[in-house]
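Paired with chain B in one complex and with chain C in the other, chain A is shared by the two complexes that follow.
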Partner chain A sequence: MANEHSHPDIADAMAAQQREISVSEFFLKNRHLLGFDSPSKAALTTVKEAVDNALDACEEAGILPEIRIEVSNQTDDSLRIAVEDNGPGIVEEQLGRIFGKLLYGSKFYKLSQSRGQQGMGIAAVGMYAQLTTGKPLHILSRVETEPTATELFVSINTAKNRPEIHKKKRVAWDCPHGTRVEARIDGNYQQGNHSIGMYLKQTAIANSHVTLHFQGPHGEQWDHQRSSVELPHRPVNVKPHPRGIELGQLIQMLSNTQSRTLLQFLENDFARVGRKTAGKIIEESHHNLTARSYPKRIAHLQSQALYRAIQKVPVSAPSADCLAPIGEQQLEEGLRKEVDANFYTVLTRRPAVYRGNAFQIEVGLAYGQAAGAHLELDERGHIHKTVRQPTHAKPELEPHPDEPAFLLRFANRVPLLYDQEGCAITKAVLQTNWHAYGLDQAKGALPHAPLVILVHMASVWVPYGSEAKEAIAPYPEIVKEIRLALQCCGRKLAIHLHHEARVKDEFDKRTHIEKYLPHVGIALQQILELSDEERERVIKRLDDVLQEKRRL
Partner chain B sequence: MAKRHSKLKVDVAPPTDLDARTLAFIDAIANRVKDSIARDELPAIDILLRGLSNVSYDPEKGYLELGATHKSRTLTVNTIRAFAQTLRVMAASRDMVKTDDFATKREAYYVSKNWGDCRFDNQPESDAIMDDIEALASQHGLSREQLRYYADSHGGAVAGELTVIDHHPETGDVIEVDCRNLGSGAYSIPRAVEHLGFRTNAEFVLAIETGGMFQRLNNHQYWKKANCILVEMAGVPTRATRRFLRCLTDDTDLPVYCFVDCDPYGFANIYRTLKAGSGNAAHINQFYCVPHARFLGVTPRDIHDYHLEDATHPLTKTDIKRAQDAIQNDPFFAAYPEWIAAIEQLTTMGVRAEQQALAKWGLNFVIDEYLPRKLADKSSFLP
Partner chain C sequence: MANEHSHPDIADAMAAQQREISVSEFFLKNRHLLGFDSPSKAALTTVKEAVDNALDACEEAGILPEIRIEVSNQTDDSLRIAVEDNGPGIVEEQLGRIFGKLLYGSKFYKLSQSRGQQGMGIAAVGMYAQLTTGKPLHILSRVETEPTATELFVSINTAKNRPEIHKKKRVAWDCPHGTRVEARIDGNYQQGNHSIGMYLKQTAIANSHVTLHFQGPHGEQWDHQRSSVELPHRPVNVKPHPRGIELGQLIQMLSNTQSRTLLQFLENDFARVGRKTAGKIIEESHHNLTARSYPKRIAHLQSQALYRAIQKVPVSAPSADCLAPIGEQQLEEGLRKEVDANFYTVLTRRPAVYRGNAFQIEVGLAYGQAAGAHLELDERGHIHKTVRQPTHAKPELEPHPDEPAFLLRFANRVPLLYDQEGCAITKAVLQTNWHAYGLDQAKGALPHAPLVILVHMASVWVPYGSEAKEAIAPYPEIVKEIRLALQCCGRKLAIHLHHEARVKDEFDKRTHIEKYLPHVGIALQQILELSDEERERVIKRLDDVLQEKRRL
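Presenting the complex of A and B:
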């Protein structure tokens, strides 16, 4: 208090430095939050964002997605990544904003399950490209009704978060409808578990209705063909469930609503709230709130009371209409076509709720090396040994006996490749006692078995650990649902392993018996002076008797 | 001689008929197997259960007699190997009957080496299969020799007041072996003894466990002093030795006294096998027992009487187990309370004494003191 005059001066000085930070500028400094922290991760994120957008666009338009991904090295060491879809195309006026403005999109304000969530992804790619190579995004898009496609280059005015469009023109394109995005980024094309190839393969597993064509920088190319022609059921948009919202969201909804009374507001703007429940909430709120209170005039203290009341009054669980699980049949098809294993089991659990958000867990297990010797029990009770050749489907993703189980994590059909440790899925897998299902497992580790574990969470709002969408936050309700699903699949695996062990044991016994059968034949032939044919007939008959008596 | 023939070959038919019965026996088993298969049943071969659990002892008969308990060797994982081997051994036997050949048990074991997976891994394995077949055949009055399998080992050695009457294998001329005139050597009991004749003025037969003791008694011509026949058993007596002693006593009515180590092996394996036959090959005991044999020593009481306590060894775990087995499971010992008492006395003392322990009192103490004193009081013998 001694130097009273200095305060306004300091405040003025500070005010001179304070200014609005544009989202784009924020990105420049925090690109790791969006998945661009390293050149190899940036390459993967670029593909991921473009493919996610392409799939969402196709599915929304009811088109079976067919997507081409091309990665090539440029002379200046940058990476050129192009993703082309057969989606509905984007009308010319929207192109700039979609690709050149952060946080612009259709998905943020609707509560339904989609791959993208915030409208951050593809523009962030453009931002990253601009930052590292200075090259704008190259876009080509054609709407079916138009005779030609629009070609343009779009960059972002980072200060104003506004698109800047260059060289826009109409061009001929032999693709009847679709969009092609091409980015030049400072990126690194790598192999392994965090590779683009692995991302596409996992995408193909969780999306058996999608066909992907890949072409890599070293001339490598492969396809993932769709095994299903059924598009995922289109989840309907839902209103927020009262239990899922936070206080700030409630205050915002109160000021934005079209409803003229509190009763109407609760009834119209929330899911699962009818007149009766709305009445109860108002009654529970006190603070002079009535059914006829005008929503826009509700004071802060009142809204706090309303928020508390919402938490107290029982509301039925959110509807699952907004969820589009992969489904057991398609999940198993996806696993079978991409993962070469001996045994598959899948499970789609019933919808559940965390913090008012509906979600659904699906689990798939693929067990055992497909290549190599196998025993098969036929319907006559005979056991056959067959040797299968490895399929070498690229990139390889196979159960391996000398390594821990391979964990595939998905959120809304999108593979999660990074931050495995922090993920609710990993937590649930580690909490599961795999010993109980006949697998080796060190304490606090993944089971050590030739096993691929797939977990998918479908939800209108997946609680990601970060904006890069790499891990699901471990809410207890989510971890518990995943664990229950894993346990159910684990039991089916245990039954399979038990059966496999029995067949193996029986096969060894029969092999032992069959080793000595010819000697019984020789002895009988010698003693009873049988012909060779008679001997063979007796032994064949004896073999049949044995197989019949030893039927499993 | 006539006496022995009347006793032994009473139910034995002429050789050619025997061969026909052997072939019929083998054919019947093979046919049963084949017929079972034709009826879609798992084939089985019935095997007599061999071992002490399936024998009984009647002192009147004098030998361990095989009971009627069968085990069925049905074709299963665990039996397929033995099943196939049994049939192959029988097939080989059939061939030998047809060609009038034979194989020793050792040879039979090697013959199997040509059978691939079915081959025997060791001779105990082939011996066990052969014993099974032999037990089965014995029920039809057929011996192992009829199946054309012979023992590997010959018998023990004989010295003393005995002349063995044999024949030249080619000419058939009579050959007489005077067991008093073999110097420091001895007469070796042949594999087959049925054709032998005996002439003797001895008073008894002394059957000795060890070669060492036999040599001492023979070198010092103990047989002359005691007017007896010495037989070396060299451990558990072979079938040839047992049969030889049986034929000798049948012909001459001489008593047989056993002189073996004082331990459960000496009682239960050597002496009991000589006197009443073995549990494992009980089907042949009828012909291979020496029911009138008695146990001269070394008895547990001798350890006290001859002050051998400091010349003993502690009983091993195997000894103790063998002693318990004799008391609890062996129908032979169960028939003689004296034996039970003796074995219990030994296990209480917890020691064993060898024949050679008598050398504590001087090398020839056994000749000058022990044997004369024992023979003077036959009531100290065990039954």
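Presenting the complex of A and C:
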């Protein structure tokens, strides 16, 4: 079978070439996986990773976040991006690893909601800066207990995935506590739906407790003031929920547990399993398993039986402790503040589970073109035609009648701007029958209506479609929950549209009356020989009577 | 600013939670990144990773590949997948790391075309097996110089990303050299466009030197015999091409080089840079750079100048040595063998570069519905209507008149079955104006025609959109090359379609003649009082004359 190329030692020769691959080198070569495929996307990713970290740190420390974002063009054509927060600061010995090592962080092994989860983002920014401009990250950080801040420059030794620290020193900083990170990258500052401005605007919608100050490269400058001084409920760390865990995970948990009996194991190592449920699971397992079985000695066949029993016995839904959804009130306030529309409806669903991970879906709809003319009923039932003026200080985000609905996707309060096609949220929106709620929709497309659709997934672990965290992987349990939430909001929208159609009808009738009444008045004046004053009084009276009648 | 949650030591408390994240744990939690999101995709990914490795090993060792794939359902509802090759085998000390450690391999640091490149795939299969069934991979491997094979079971210690080897022993194996890997996974064997069968069929199209034996879980069994005994040209390892490298990469190369002068560095460390081009680059750089500058001492500003000069000075296109395209002849043979159509056209473009990486695009089109009736001109110019019978032994892949074109995507001879939307190939096909070549096409859609479109990207480094290697990231240079190749094949298709329209026209005329000639014959017989024989002779003569005239 072997031809002339082959020689007996080939296996040895091939073995000699095998080597370990540094995780940094891997992502350096695959930087598009981390969101650095193009200069404009790289600029957005840089802001996003820094802002997400800043928000996580502030919230964990119980501080209301105030964040400054500065973007400026440099003479060498590179982009300088600086993000400064008022967070708790980072202790000096950690600074290098946090900014100069991939796969390092505090959030990966926790089961509680946070923006970051992979320990990758900000170090990836540093790696990209290094690759494209050769400049290390410039860091300034001060913790409250220290009189001065630490300043340092950090780059990554990609061969070893280790930080390299340059010029570290203590400096005075008038900020009492916080962190500032500055990157010089090959980047492109652009406008539009994938812009830094759009990301910040959407961040404000989902985080009404955040104050943002933005400064762009062309002199743009705007602030977003927080509308709430309440921090999101701080999510607690939970144990895995038994629903949907996998056999291999169960086997690993059995072998790692501190519990000395199976009953204890089920009670202690899972969320929502009490003594009674644990007993039922053991009973359902058979295979010689008892409450007192020693977890580490459970054989493979027995663990399979246990696994099946766990899937069979009903367990209550996960608690909401580990999650921090936006909440219906703040979601609606956020939408009203940032999206000019006529009609708003929101919904926060109860927590659900996919693969043992708790998650919660929220949906908001904003309908109608507020910037144009529209009709309103006042408290007396009278109709007004009003025109609202749009404001252009910040990037605009409005329902538009000539375009498909505008979809806003969020995961753990972070806007997702790229890869809309691959996202569980998009799948759920496309699967929803918007016709049923009175909207136009082509097959397999977004509804065609002046509509903004907002969907938020809060979870202890968001299954992102890539390391760049741009889309949610379409696990069926997640798509289903989103669909249910959309349907519920869709029904409320349908009621509004029905009402709107009725108002329109009223308005048309009213217009008719207004059109003909003066002629009726003139006719009556001639027949009854009324004075002009009497004629006006009669018309007024007639108008009131007709209006009254129609309202009954 | 700090509210009641905050306390001065919060930064220390947060620092204490920071830890290193194991790369295995990262991918275990994110297994959808590696192609294991659903049981049916997991089954395909398992076969694909094992077959890709087998083909790479055989070709590197100069062995014509013969591969057996067995899929069977187990009593515990799991799927057993075994892949066996006649490759060179793997030496015993490497077996554990190759199958039980992520980011370990021989292909990552090379710049030459291979199927695997990340050192991830097969270990990921093991990790998924472990997670879903708790079973380790079962390996058998023999190298030619050993009298027996090594058998072992290997699982991954995910916390440490290290192999754990069980029950290793030497066993007799009648195969003189090769490797067999068997996995027990939570998988689903399905039919259709994303099936294992479709993957193997497409593998055969792009690899005519491969023999495959398949055995499915429901008694399916088929073989694919190689049609060529020629191994692909063995790609050599090359240096980076200067076109499109990045500043950071250049800085790293300068600091790692063995060369003692800038001139040597440019000549030795890049592909396609000779003394003359190197001299021109140095001249173009200014900034006190000379041929004798010591590379490791080049300052940041100087390296920027050098970088700009490299982008400015023309460098010849990369050589084809490092690439192993399928080639026009084998591509057309592969298409003809596996796709029944009327018309075939193929093209292999010359090598191009994106970001310093050489790549080459190949395109094949197969048009027309061969399984149904179709028209043919014989060498005399006479028209025949023929009907070909489809064969159903293997999964079918035919151009279909009522459906959009069928797109076959390949990267380094490996079929890409998932994530069609996100792929550079799909983008290029959608951007192509198929109307211009006589086909129907809705806006932003695949052309609607009985057409199979095959696109292959061969590269020293394919920028996959995810670790699961299902799509090519749409770098502009790549999309452009694909579009140019499609346009060229499209023009050939247009000529064929024009010709086909003419043949159809001929056929219609011929049909008319055939219809009326007998009547003419009868009329002549009556007028001239001919015998039946004379009438037939006259008709025959008339027919010949008319045919002759039409052909002039």
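The rule we apply is simple: the second predicted complex is superposed on the first by the 448 of 552 C-alpha atoms of A that agree within 3 Å, B and C clash if a C-alpha of one lies under 4 Å from a C-alpha of the other, contacts with A are read in each partner's own complex, and residues count from 1 in each chain.
By our rule, a residue touches a chain if its C-beta (ideal position, glycine included) is under 8 Å from a C-beta of that chain, and two chains touch if they have at least 3 such contacts.
Only a predicted model underlies this, so the values are computations on that prediction, with no experimental measurement involved.
K.L.:
Of chain B and chain C, which one contacts the greater number of residues in chain A?
P.N.:
For chain A, the partner with the higher number of touched residues is C.
K.L.:
On the A-aligned overlay, A:I527 touches which partner chain: chain B = first, chain C = second, or both, or neither?
P.N.:
First partner only.
K.L.:
Who does A:D76 touch here: chain B (first), chain C (second), both, or neither?
P.N.:
Second partner only.
K.L.:
Check the residue A:T203 against both partner chains and state whether it touches chain B (first), chain C (second), both, or neither.
P.N.:
neither
K.L.:
Considering only the touch criterion stated at the top, classify A:V538 as touching first (chain B), second (chain C), both, or neither.
P.N.:
Touch status of A:V538: first partner only.
K.L.:
Return first, second, both or neither, reflecting whether A:A61 touches chain B, chain C, both chains, or no partner chain.
P.N.:
second
K.L.:
Of the two partner chains, chain B (first) and chain C (second), which one does A:H519 touch, if any: first, second, both, or neither?
P.N.:
It touches chain B, and chain C stays clear.
K.L.:
Considering only the defined contacts, which chain C positions touch chain A in the complex?
P.N.:
Listed in rising order, the residues are 1-6, 8-12, 14-15, 17-23, 25-26, 29-30, 32-33, 37, 57, 60-64, 66, 76, 86, 88-91, 93-94, 97-98, 101, 103-106, 108-109, 118-119, 130-134, 143-145, 176-177, 186, 231, 234, 246-249, 251, 300, 303-304, 419, 421-422, 461, 463-467, 473, 475.
K.L.:
Would you pull the chain B residues touching chain A in the complex into a rising list?
P.N.:
Residues in contact with chain A: 26-27, 30-31, 33-34, 37-38, 40-43, 75, 77, 80-81, 83-85, 87-88, 90-91, 94-95, 115-118.
K.L.:
Any idea which chain A residues touch chain B in the complex?
P.N.:
Within the complex, chain A contacts chain B at residues 509, 512-513, 515-517, 519-520, 522-524, 526-528, 538, 541-542, 544-546, 548-549.
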